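One chain, subunit A, appears in both complexes that follow, with subunit B as partner in the first and subunit C in the second.
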Partner chain A sequence: MSRNVTRRVAVTALASGAVFLIRKAHGQVVWQVNASRCVNSRLGEVGVEACNLCTSSCVVALSAVRAVNEYSKCGRCNICPAYFNIASAVDEKGLPSEKLCPRDAIARKPIGKQDPEDPANNFYEYVIDEEKCDGCGRCVMKCKEPLGLGSITLQVRYNRCLNCNRCAISTDCPKDALEQVPLPEALKPGEARPTV
Partner chain B sequence: MVSRRELLIGAGAVAAGALRPAGLSGAAVAADWPQFRGPLRDNVSRETGLARKWAAGGPKVLWSVPVAQGYAGAAIVAGRVYHHDYDEAKNEWCVNCRNFADGKLIWQFREAREIRPNHAITRTVPAVDARFVFSLDPKAVLHCLDAKTGKQVWRSSLVTDFKATIPPWYNGQCPLMESDRLIIATGGAAILVALDKATGKPIWQTPNPGRLLMSHASVMPATLGGVKQYLYGTLKGPLGVSAADGKLLWEYPRKFNVAVAPSPIAVDNERVFMTGSYDAGSVMIRVRNAGGAFRPELIFDFAKNEWNSEVHTPIVYKGMMFAVGKKKRGLFTCLSPEGKEVWTSEGKATFGLGGFFMADGMFFVMDGDSGKLHLIEASTTGYRELAAAQVLAGQEVWGPMALSGGRLVLRDLTKMICIDVRG
Partner chain C sequence: MSEVRYRQAGSIAGKGGAPHQFSHSITGLALDRNGLVYASGDSEIKVFDAAGKLEKRWTTMRPVLAVAVSRQGLVYAGEEGQIELFDPATRNARVWRDEKMLGRVTAIGFAGDSVLAGDAAARAIRRLDHTGRCLGTIGTDNNVGGLLIPNGVVSFAVDQEGVIHAANPGKHRVERYSLEGRLLGHFGRFNFHDPAGFTGCCNPTNVAVSDRIYVTEKAGPRLKVYSRGGEFEGVIAADCFDPNCRNISVQAGPLGRVWAADAVKLQIFVFEREAA
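== the complex of A and B ==
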């Protein structure tokens, strides 16, 4: 009985591994951080300290993890809590005076029609500079739903990952928040939706 | 034939009339729900005779109509339902007047208004009396419409007339309607203005030397230190304005972040509570009247991840505050005036960012993630659910509800329904 169970478990594990390897071989999975499981989603609560393992655990210098913004989900808000440090002082237009990203890795540019009578509702495109981003995830936590739209996530970028197959971040993550997401479900940069 | 139930509701309505502060929405029938948060602006209905248990299938749905994506709630006056809507195909903003009995459209006011959907499109509740409908549109144009026909009586662009700035994510303010005037926050040239209902002409304006911007909060009536005033909250904290002449009586500097959607409320005749989103927490202050000079002082200040409400304004009942808090993802909470969590719905129910109101000793609380409506005993000692029913579909079921004559009008993102909650 126990031998059968052990055998079944082993076969299932092998099959799952095979499916993963096949998907990976075909580029069908993406390592992505589940923002709601990430320990940083509790930042601000008593006793919770910022976790930087996505940045420090990776065997790649500056980490292979980057923030990814999917434009089709982004609200393109004027006051983007992932772009601005919303706790900083505001100017007379109501805009926070400081940026959130400590490496200034997010740039924004106005898109679509600009309404001079309604500047606070103009749209902006937020672009993450992967040369500057180190995957700290501060922006991800500020874009979380429900008040954020969850358009930013942390991903192991395929072009930076060494495919060592012993992902140190995944092993070290205290919340097991790094997940293999099928490519169609992963957030994708560069898919812009039509502007209004 | 008038049923016992209707008599009970009528009695409750009369009681509501007796409780109404002088000068507040005098023209509305007592059982009406004429504006945001109801006749007294406290989100409490004085109706009685409501069901305390629901059948397995939930309350009977009397009608259902499709609406543009959003959170715009209803006002109910004299057998008519009024609400905001939007025509995405034509880029036209609408005010709809419907028959309360069957939801059929009676008239519709339209005006071209280009809106970029961002957290849906429609927001806010119009204010309605026997003659007029007052509606503040997404781009801060205030419309006065004839309640019978929907024809425009007057309009005022707050951007043009008061140098207001349209807030990000558009206007979220619902006009406060008094017997002869409207109270509106404008920012820009004034903090608040009182406008004559019939003409739209300013009665008074509160100077704005601090260049405060219009927030998403609405003006709330209060009596503090024996003086009637209007409370308002901005990114720079709460303030109070004299109802008599619009003079700024006090302000309490306290930073809020990005947008303030909940409105500040008076918890008693001295204490004012203001809460907000985006890690801003909440603040309770005491406003003392020292011989005509009002001095605010701090009672407590909640940092982020202590208690706060993100969208909705708390209800004050038996000296306690009740609201869905952000902490732990939407727990309905009873909060003491000292800032202690007396009880929460933890382990029993969560509500996302759902709306709520109180009637007949019960809280109607919407699960903003699923569209499930919960009926909860109005108690200061613990959470006790009386009934629950899946009346709408998630997600973002955040719109405020309106009750009149035992019939409840509520909505999800794309549908407005009327259900029968009479006992």
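== the complex of A and C ==
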């Protein structure tokens, strides 16, 4: 490479770095989990353990990444594999006897008209308590297709995230799933994917 | 329980651009009285002989979601908002279009003079007359206003007595309905470990009936057989299906022959019951 070209590359890199820092200083760039890259939500990867690096790598206590359920995509199933440990023994009501979440962060609530005789004859809403969730990804892995409908994903929560210059999770993530996006493009609360 | 054994007797189609293959989807299976196998997928109906050789194929107006063949040999293709009817003898085609009552037709069957259409948009089965006029809706008279199908497909089969067997995956059941929509009974329950049960959030996804009841499941995908009374008889196949496959269309013929269409490999597996 000629010295001129080298200089031009270096100047461009510095300029884009400076632009980034200015935008970041103005809170215009934020970190976001790309659900189609994250091991826990990307389609096609079945039969693998959930990845919990979002929990262990983040500098914030419990992690700034939490599980979010996008209700419009949820099947509202009687037996949700993200709520129940479906491999646990079946209880007298015909439901799995154990929950999946190690932090008991998911609540199961019957919604609409209720049939007290038959739990299968109801719709259920699965509500994630973000105060308890640490983003371990287990429920996300079980919710994804084909077992579930993929309505639960991991998301950076901007009320918790410190917007580090180099997100510690992005350094460790094996799938390069943490990406920076301009704030207007960032996911809104409850949104699992960009709405483009 | 006497053991019933099946063996894989062959496979049909597959993924690709050749005339006998499908490119993107395989959505339904049907049999005619001469033993020809009809498969719907992409925007085509393909007809195979018993040995799996492609006999003919034709295109549909919209991506096709289901196929059925009446006793008279009319071929019905389920699509979004409509059913197309083809008469292979005259090569005539016509359409029953009703975007409201035929929202997303993923299964078609026949009972008496009625044509039945599984409408996944309404989570229900429509009963139609021979002109396509809706006479009633089956499967909605319950607390959740329809079949629970997070898998996005209504699947049902009609036995020789005219009883409708519908998969209700969200309830982990196969339900039996009369033509008038009365729930006659059901079998099945959730169980992860016992293969007699249905696992996951929602199974079975698809159902077929002949002298026995055949069902397919997703995550992990498998094909199972039950007696007509609903007693579990065995797992016919599991390993041949792609683990990401869901909504494996199934069709049952005479003499214990079963066809199951892998929606990822776009391949139809053929199974045969072995002599006891």
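Just so it is clear, the second predicted complex is superposed on the first by the 121 of 196 C-alpha atoms of A that agree within 3 Å, B and C clash if a C-alpha of one lies under 4 Å from a C-alpha of the other, contacts with A are read in each partner's own complex, and residues count from 1 in each chain.
In the analysis below, contacts are C-beta pairs under 8 Å (C-beta built on N, C-alpha and C of every residue); 3 or more make two chains touch, one makes a residue touch a chain.
A quick note: this is a predicted structure, and the numbers were derived from the prediction, not measured.
Student: Which of the two partners, first being subunit B and second being subunit C, lies in contact with A:F123: first, second, both, or neither?
Tutor: Once the two structures are laid over each other on A, A:F123 reaches both partners.
Student: Which partner chains sit in contact with A:R157 here, subunit B, subunit C, both or neither? Use first/second/both/neither.
Tutor: neither
Student: For A:K93 in the superposed arrangement: first (subunit B), second (subunit C), both or neither?
Tutor: First partner only.
Student: Output check: A:G75 vs subunit B and subunit C. Expected answer is one of first, second, both, neither. What do you get?
Tutor: Touch partners of A:G75: subunit B and subunit C.
Student: A:Q114 in the overlay: touching subunit B, subunit C, both, or neither? Say first, second, both or neither.
Tutor: second
Student: After lining up the shared chain so the two structures overlap, which partner does A:R66 touch, if you call subunit B first and subunit C second: first, second, both or neither?
Tutor: It touches nothing on subunit B or subunit C.
Student: Which parts of subunit A are in contact with subunit B and also with subunit C?
Tutor: In subunit A, residues 44, 75, 77-79, 81, 86-87, 90, 94, 96, 112, 115, 118, 120-121, 123, 146-147 are touched by subunit B and also by subunit C.
Student: Using the touch definition up top, name the residues of subunit A that touch subunit B in the complex.
Tutor: Of all residues in subunit A, those touching subunit B are 44-45, 75-79, 81, 86-87, 89-90, 92-94, 96, 112, 115, 117-121, 123, 146-147, 196.
Student: Would you mind writing out the residues of subunit B in touch with subunit A in their complex?
Tutor: 114, 116-119, 139, 159, 165-170, 211, 213, 235, 255, 257-259, 277-279, 303-305, 310, 352-353, 368-369, 396
Student: For subunit C, which residues count as touching subunit A in their complex?
Tutor: The contact residues of subunit C facing subunit A are 142-144, 148, 150, 170-173, 189-193, 199-202, 218-219, 221, 243-246.
Student: Quick one: which bits of subunit A touch subunit C in the complex? Just the residue numbers, please.
Tutor: The contact residues of subunit A facing subunit C are 43-44, 46-47, 75, 77-81, 86-88, 90, 94-96, 112-115, 118, 120-123, 145-149.
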